[in-house]
Every structure is written in C-alpha cells, then in structure tokens.
Amino acid sequence: MLNRQELTDIIRAFEPETEFPEGTQLLEAIVPAEKLFALVEKLTSDTKTAFNYLISLTAVDFTTHMTVVYHLDSTEFRHLIVLKSLLSDRENPKTDSLTALYATAEFFEREVFDLFGIRFNNHPNLKRLFLEDDYGYPLRKDFRDEVNIIER
Amino acid sequence: MNSIAKYFTDLFKGISSLWAGMRITGKYFFSPGAIVTQQYPENRKTLKMFDEFKGEVIMPHDENNLHACTGCGICEMNCPNGSIEIITNRVANAEGKLERVIDKHIYHLSMCTFCGLCVKTCPSDALAFGQEFEHAVFDRNKLTKVLNQPGSLIKKEAKK
Amino acid sequence: MSSNIYDFSTLTGSIHASLSGMMSSGWVTFTELVLVGLIFLTFYALIGLFLVYLERKVCAIMQNRIGPNRVGKWGIIQTIADLIKLLLKELIPIRKSDKLLFNLAPFIVIVTTFLGLAILPFAKGLQAIDFNIGVFYVMAVSSLGVVGILLAGWSSNSKYSLIGAIRSGAQIVSYELSVGLSLLAIVVFSGTMQLSGIVESQADGWWIFKGHIPAFISFVIFLVASTAEINRGPFDLAEAESELTAGFHTEYSGIKFAFFFLAEYMNMFIVAALGATLFLGGWMPFHIGNWEGFNHIMNFIPSAVWFISKTFFIILIIMWFKWTFPRLRIDQLLTLEWKYLLPISLFNIVLIAFIVLMGWHF
Amino acid sequence: MSEEILKDVIVGENEDYIINMGPQHPSTHGVLRFEVCLKGETVKYLIPHIGYIHRGIEKMCEANTYQQLIHLTDRMDYLSAHMNNEAVCLCVEDALQVEVPERVKYIRTILDELNRLASHQLWWCAFGMDLGALTSFFYGLRDREHILDIFEESFGSRLLHSFVTPGGLMHDVHPNFQKRVKEFITYFRKKLPEYDQLLTGNIIFQNRVKDIGYMSRETAISYGVTGPSGRGSGYSCDVRKIAPYGAYDKVQFNEILETGGDTFARYKVRVAEMWESMNIIEQLIDNIPEGDFTAKMKPIIKLPPGEYFRRVETARGELAVYVVSDGNKTPYRMKFRTPNFSNLFVMNTLTAGHKIADMIAISGSLDLVIPDIDR
C-alpha cells in the first residue's frame, strides 16, 4: 500500500500536468481530459500502483464546467485515488472512455451519458441507460421538468 | 470397472441426497410445528401492534381535548415529502397579545413514507406514531387528515 | 380365486339386463354410454376439484403454512370457488394465433384424460371397458396428450409457449420408453395385458411384493417416469414457471386454462391409479400369507376403497416429490432418462423375464 | 424508441430467436428486462434493459437535507435498507468529524448483520424458487419473519426502517431487543442446517448450479462485481475487512471466500455468511455498552464544502456514497455506487453458452435487487 505522497509522486511522474488539490478527504488528482486515458492505463498496468478496480465513475455539474470523477482502487494494495477531469465545454462535453481498461466502465459511462449528456469517445455502445431518448439530462443543474418534478 | 462403481455410487449418493430433502418436507408434513402465518381478519381483536409501530402520524389529545402543538412548523419543514401542512391563526390571548395558534395540522397520509422525522424533531412532542394500520379507503381524499381535533386547545405546559 | 365380496359385475349385469328388457340392443348401448359418460363427468369434476384442494393443502403443510382456509371449513370449497372464477373469466383471444388449433388444444388434452379414465378398474366389475390390451391402450392414449400440449404451444404464437411445448415433446417422447418398460415388467409377471387380469393375478399378493426387487425397481422407475410424463415437478419443464412464465399454457385464460389445469391433475390421478393397479394390486385387499383372520377383515373393506386409497398413496408420493425437489434442466432430464432410467429398466426387464422363466416369483 | 431499433428488437438481425424476459417475469425479481437471444435452449447473448424503476434518487437527494435523504436510500436496496442508511450517515459523520458513541456502533453493527441475515434468507428462498424448489421459499420466509419482528419491535417498520440518522440512531432500541435477538440466533442455528439438507446437498440442485456461470477473479474485478458474488470467485472484497466501520474492528470474523467462481460457489458463500453473521451478532449482543443513542448533532446539518466518499458492505456488495457539498444544508451532488448496478452487467458474460434455465439460476445467484440498479 502506497501512501499519499508516494502516489502523488508516481502520478506526477506519469503525467506532469496533473494538479493535486489540498485538503481533500482522499487523494485527488485533476487530470486534463485528453491525458486521462493514458494515465489510467499506466496506473492499471504499473505493478506498484495496480489500480485494477474502478469503484465508481460519475460526473458533477458545476454549472461552469463538468467534472468526471473516477474512484479507483487496487484490489492488491487497497489504496484509493480519485481522478478528475474537468470538461469546460458544458454544451457538448466529451472525454475518453475507459471501457478498454474496465468492463464496468461501459455501464457507468452509459449512466453518466444518460444523466449528464457527457459523451465518451471509443465507447462501444453509448446509448441511454435509464431514460427515454428525448428526455433531457436530469442531473445537470439547469435541468427543468415542470411536469414530473415539483420544486420546493 | 472403476466407472461402473462410480455410476452406482453416484446413483446411491443421489438417491440418498434426495431422501434427505424428502425427510425435511416429510417431517413438516407430520409435525408442522409453529406456523408463523397470522390469521389476519380473524385475529383483529387480539392483534396488537408493537408500541413503536409506525402506522400513521397522530397528535395525541388528552381527556380535556388538549394537544401540545404550538404550530411552530418544524415538522412541516422536516418532512421530506411535503406530507404535512400547517395552517396557523393569530389569536389574542388573555393578556391581549396576539399569539400563534394552530388552526389545522394537515397530514397527507398518502404521501407519508414513515421516516419518523416529524415525530423526532417536534420540540413539544406533540406528534406520535399511531398503531392504526388499516388505511385502505375508496377515496384518496380521505387520506388527507386533520390531526388536531375540532375545538382542541393547546396545553399550558407546551407553551413556551 | 378371488375372495372379494364386493363384486360390481352383478350390479352392472342386472342394470344391463333390465335395460335390455325395456329397449332394443342399440338403445341399450346408447343409454349405457350416456350413463357411463355422466358418471365419468361427475367423477372427473369431483376428483379434479378434490385433487387441486389436496395438493394445495398438502404442499401448505409441507411448507409450514396453513393453506386454503377461507372458503368453507378448512377452505374445503375453495377449489369450487376457483372453478367458478375461472368459468366467469374472459377468454382472451390471441392475435395472430392459429384460432382453430388454439381452441382445439385444450380439448385434445382433456379428451385424452377421459380416454385414460375409461380403462381403470375401480373395483371388481366396475370398469368402463375391459380391453384385453388394456396396458397397451393406456400407453397409446397417454401419449396422445402431448399432441394437445404441442398444439397449444405452437398455436399460441408465443415464444415462451413454443419453448415449453417443445420441451414437453422431448420429455414425453423419451419418458414414454421408461413408463412402457416398467409397465411391461408387470405384463411379463402376470402374463396378460388386460387390467382386470392383472388385478386378478395379484389376489395372492401384490406384484411389488411378489416380484422381488426387480418389481420394486420398476415401481420406482414407473413413479419417476410417470411424474415426468404428466409434466409435474420436479419435471415440470414444460411450464417451468420461473423460466417460461407458464410454458405451453401461457396464453390461455378462463376455462381453457382450467382444462389444462384439470387435465394435469387428472393425468396424475390416472397415472397413480395405473400404478396402484399394476404394482399395488388394484382393488385387491391387503393380505398377509396365512393370517386368515386378518385377511378376512381386510376383505370386508370395499374394493373401491382399496383402489382409491392406494391411488391416493401414490398421489401423495408424487406430491411429496414436487414440493421437495428443484426442477431439472432439460439436458439433465434427458440424461436421467437415457443414462439412468432406460438402461436400468432394460436390464430390469431382462432380469424379470429370467425370473419368470425360472418361475422364481410367487 | 426509433423505428429501426424497434424492428431490430422484434425481428432480430439474422432472425435470432429473441425472447424478452421481463419486465413482468417471475424470475427477474423486479422490473428488469433481459433481452435474451436463444439458439434452441442455449443463450447466445443477453442484454439487460433497466430503468423501469428509475426514480431519480440522486436528483431527489439534491433537494433534501441530509436527515431527509436517509429515507430515500432505504428505497434503493430495500433488502439492505439499514446498510444503505448507514453508508450515508457514515459519510456525513466523516465530513463533520463526529465521533458516534460506542453503543451506536455496536447496535448499528448488529442491525447490519441482522439485515444481512434477512437479506440472505430472502435470497435463499428466491434462489430455490428460481430453480423450482418452491418449498424453500416458505422456509426462508418463515425464518425471516422472526428478524422482521425484531425490526418491527425496535423501529416500527419491517423493511424500510430509516433508523439510522447522522450521528446515531433515531431512538434507542427496544428493551426486548437483546433477548429477542438471542432467541432468534438459537432458533436459526437449528433451522439453518435444514436449508442444507433441503437444497445444498440435493443432487438435482447441485447438478443445476455446479459448473455454470463461471466468473473468474479477473472478470469479477473488471466488472466491479463485489459482495458474495465476487467472493465466490475468490475476490476478497469485503469492505468490513478492508475498511472496518462500526464495531467490525472489535469482532472476530472470517471473510468467506470460495474459489469455485460458479453459481454453486456464490451459493456457498451466502450460506456461509449466514453462519458468520450469527457469529458476529453473538459476539456483540451481550456487550452492547450503555450510553447515548446519538451524538450531539446540530438540528441543521451543513457539511463543510468538499467531497466525501464512504463505502460500506451491504448484503449484495460494496455500496459507495460520494457526496459533493457546497456548504449548504443539502448536498450539491450525491452519487450512490450501488453493488447491483455492477453485478447486473456481468450477466451477459456469465450466461453466454448456457441453457435458459441456467440463466435463471445465474441471475438468482447474483442476487439482484432491481431498485438498487435503477435508483
């Protein structure tokens, strides 16, 4: 198990453009969207990190930008890391798919696409998961549905 | 020869495992033991729910038709589903000061999820859970209840 | 040979004689047909309803429940209420189904069960037809039922039904063999195919006791294979409710569904009655060697009671199977038949032939 | 759905025999639809379609305070309602850095395990029923009734008891609680061997579940399969061991691991977990310390701005709660990583090439709860 500092050093060595915000609960790394796939690939294959388990993949809409949040875990060392990629193009957000690395990413990404409208490049089957095709993207902060959602 | 022996041991083991299962069901066939099923409409007289049972939200009134609700609205604020609505009046009290008095404590049973936040957060313990559970009605408007009884007043102790 | 004091042939003979005195022989046959038909219809309905009730009650007790207890005392008229409900239900027509076959299928299924019922010797002399090839006839008739099931599955134009029907086809075709061979064992023992003859041959002891272990083996095989043939659990793959919702009768409603349902229970009755007749001595009372007093008391119990109680004993065993075991998979079902039951019963029949040749049976 | 997709679904590309299992089907245990492509009785591929019970719990959470949203988490995995509540509460307590009293930890852990037992019992009965052994259904439910009675006495509800609040419990447990739990354990220790005799040893059952639905450890990790389903593949993923919460660090228990990877291994893990849960409860039930049933909490909880992440082990696997707070009394974004969501999508890999009856057994062995998938 690597501690926070060691992980930070490794990730910085893999991808120098990564930022590490201070004072977070878990180790967070903000990675540029286009560099993310390469970094995760290295993190999974490296024997010291071995992040082979994607706990969760989700997104947060910060109204100015979208953030895709990846929670990675290593089943061998049990160290956790949070990767984030900020997508500034809120209208047409796009990032790389992690389906090639984690099978479960396919469905997490479909969920994120369904609820946020974030498109994932190289995704084998990017269809909506829960909702109809013409429904909006409900977890975006500007989503309004007068019929079904009663605002308090 | 080995395979033939295996054929018959498999057969024997299979049959004995089937017999083990049949013994269980057979045991219950001849000695059913305690049956947990409740004979519900027949046992209505003796059926008593547990004290903590969350059947519905009620407002206990004492024998003088007094309740403890000050109409503060904390339950309304805490209800996640908006199943509580409070309508208050301002009434002049003995000293001539206007005082907030509950007019109607409306409770939509149809929306309630029995999370218990209203009962927990009530500062004057005016709400409680009732053990009544036979709520089926033909008209859903009947599920909207007014919890304070008509003509009821607030207890002295409950006033701050 | 028979020490039975309850002989129905005198009763039926006297009815026949008095009818012959009244009308011409053609009319006599017609009247007798109508009479027998009416009796069978009543009997069919009664047995069917009772079996449904019995099954529900038995499985309830095995499952540590109470079972039906609302309609009537101990829920005794629950099944009648269910029947009325089914009669009143809408018959839902299925679009793009083959209308003729869709409507025909339940009747085929129910008619075959009627045909099977005709051969059963309920008591001495109480048998609708006493064929000299009774066993053969039962085999022929019981395999007709699969036609109805196949038609039901095919004509429903439903994928679940089709899978259920095809499963049922494969299942019945293969298990027919084992049933046939196990029945053949008794035919070899008794030397006749006539059911009344088989019963008569068991006057001095039932075949399950007289025929040594081979008869017992063929009795077990008969139980297993016939359970499979009537599509009951653990062999209820044709309706496998957790896989195919309801299998071949998924699309049926109302009284047509009731026909399938009733036919299933009647099939169970027929199979159990056949087993009782062939292996447990039919309406023959239970006798033990030279215990004259005991045998005499047993003779006083009416033969019909013996028959019915033996039948219900087998029915209870079949129910016990169903409510204990998980369902088999289709390939395991066929493996059980072709790898276990069929070789064993083939070997068994050779053994029985040897025993009969040597005259070792009692 | 567009016209051509519809055509594709009904006819299939090369006239595949496609049947839609669900959303109304006895074996999918909820509103889930499997689009199953068959070749004879053999499954060629399987596509799960979900969303029939999508209620937008994550969206609803954004409008509720932290106390209010607890009752929504009940409705995700309704069979491990208590663990779902606890996940949120642990996350909030983490963020506020509140230390809950020891008594709360003990009671929460006991309730966790009781809930796990109840859930596994229900799984056992439903699994038996999937395989056609209807009797198991009633035996399991009969024993589960005793746990539900304990719940009802203490919390007032049997299934969806929002009993845990941030900082502690809603109110103290009933005085009878300890006695009844001990009675139940003695009772169930006698009944659990019957489960084995009725089903586990049965030759038909073993033939039905052995060597089907093989999931390797790598597949399990890659698909994120956790809980007993993952542990059946030898994948050690018990959050109770990895990151102990509640009183799990004070009890001795084993993480049940089976290396078979097939449906029978997953079955054995769950049955063994029932024994283990009883062990845990027995260790704790006599040692519940006296004390408050809740820590001192403000009436309005505001998490400091930031992001919080917490995992717990529910009856079906790893439930992770991810909260983004902007300092308000409601969360800015709330994400539930539910175990069933990941467990469901491995179905296609497991079922391909098996019979349709095996598909039912495999989906039963994954112990899916559909509202947990859709949220």
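Which chain is which? They are A, B, C and D, in the order written, and residues in each are numbered from 1.
As a convention for this text, contacts are C-beta pairs under 8 Å (C-beta built on N, C-alpha and C of every residue); 3 or more make two chains touch, one makes a residue touch a chain.
In this text the structure is predicted, and so the values were computed from the model without any measurement.
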Chain located farthest away, centre of chain C as origin (C-alpha): A
Intercentroid distance (Cα basis), chain C paired with chain A, Å: 64
Chain centre separation (chain A, chain B; CA means) in Å: 41
Separation of chain C from chain D, taking each centre as the mean of its C-alpha atoms, in whole Å: 45
Centre-of-Cα separation between chain D and chain A, whole angstrom: 25
Chain B: positions in contact with at least two other chains: 18, 21, 24-25, 36
Overlap residues in chain D, where contacts from two or more other chains coincide: 135, 142, 198-199, 202, 204
Touching two or more other chains - residue numbers and ranges from chain A: 152
Chain-to-chain touches, reported pairwise for every pair that qualifies: A-D, B-C, B-D, C-D
In the complex, chain C residues that touch chain D: 59, 62-65, 159-160, 163, 167, 233-234, 236-237, 240-243, 245, 323-332
Residue numbers on chain D that touch chain C, as the complex places them: 17, 19, 25-27, 38, 41, 128-135, 137-139, 142, 198-199, 202, 204-205, 207-208, 355-358, 360
Complex contacts: residues of chain B adjacent to chain D: 13-15, 17-18, 20-21, 23-25, 36, 49-50, 52-54, 78-80, 113-117, 120-121, 129
Sites on chain D touched by chain B in the complex: 64-65, 67-72, 135, 142, 145-146, 152-157, 160, 162, 165, 170-171, 174, 194, 197-199, 201-204, 206, 299
Footprint of chain C on chain B - complex, ascending: 11, 18, 21-22, 24-26, 28-29, 32-33, 35-37, 39
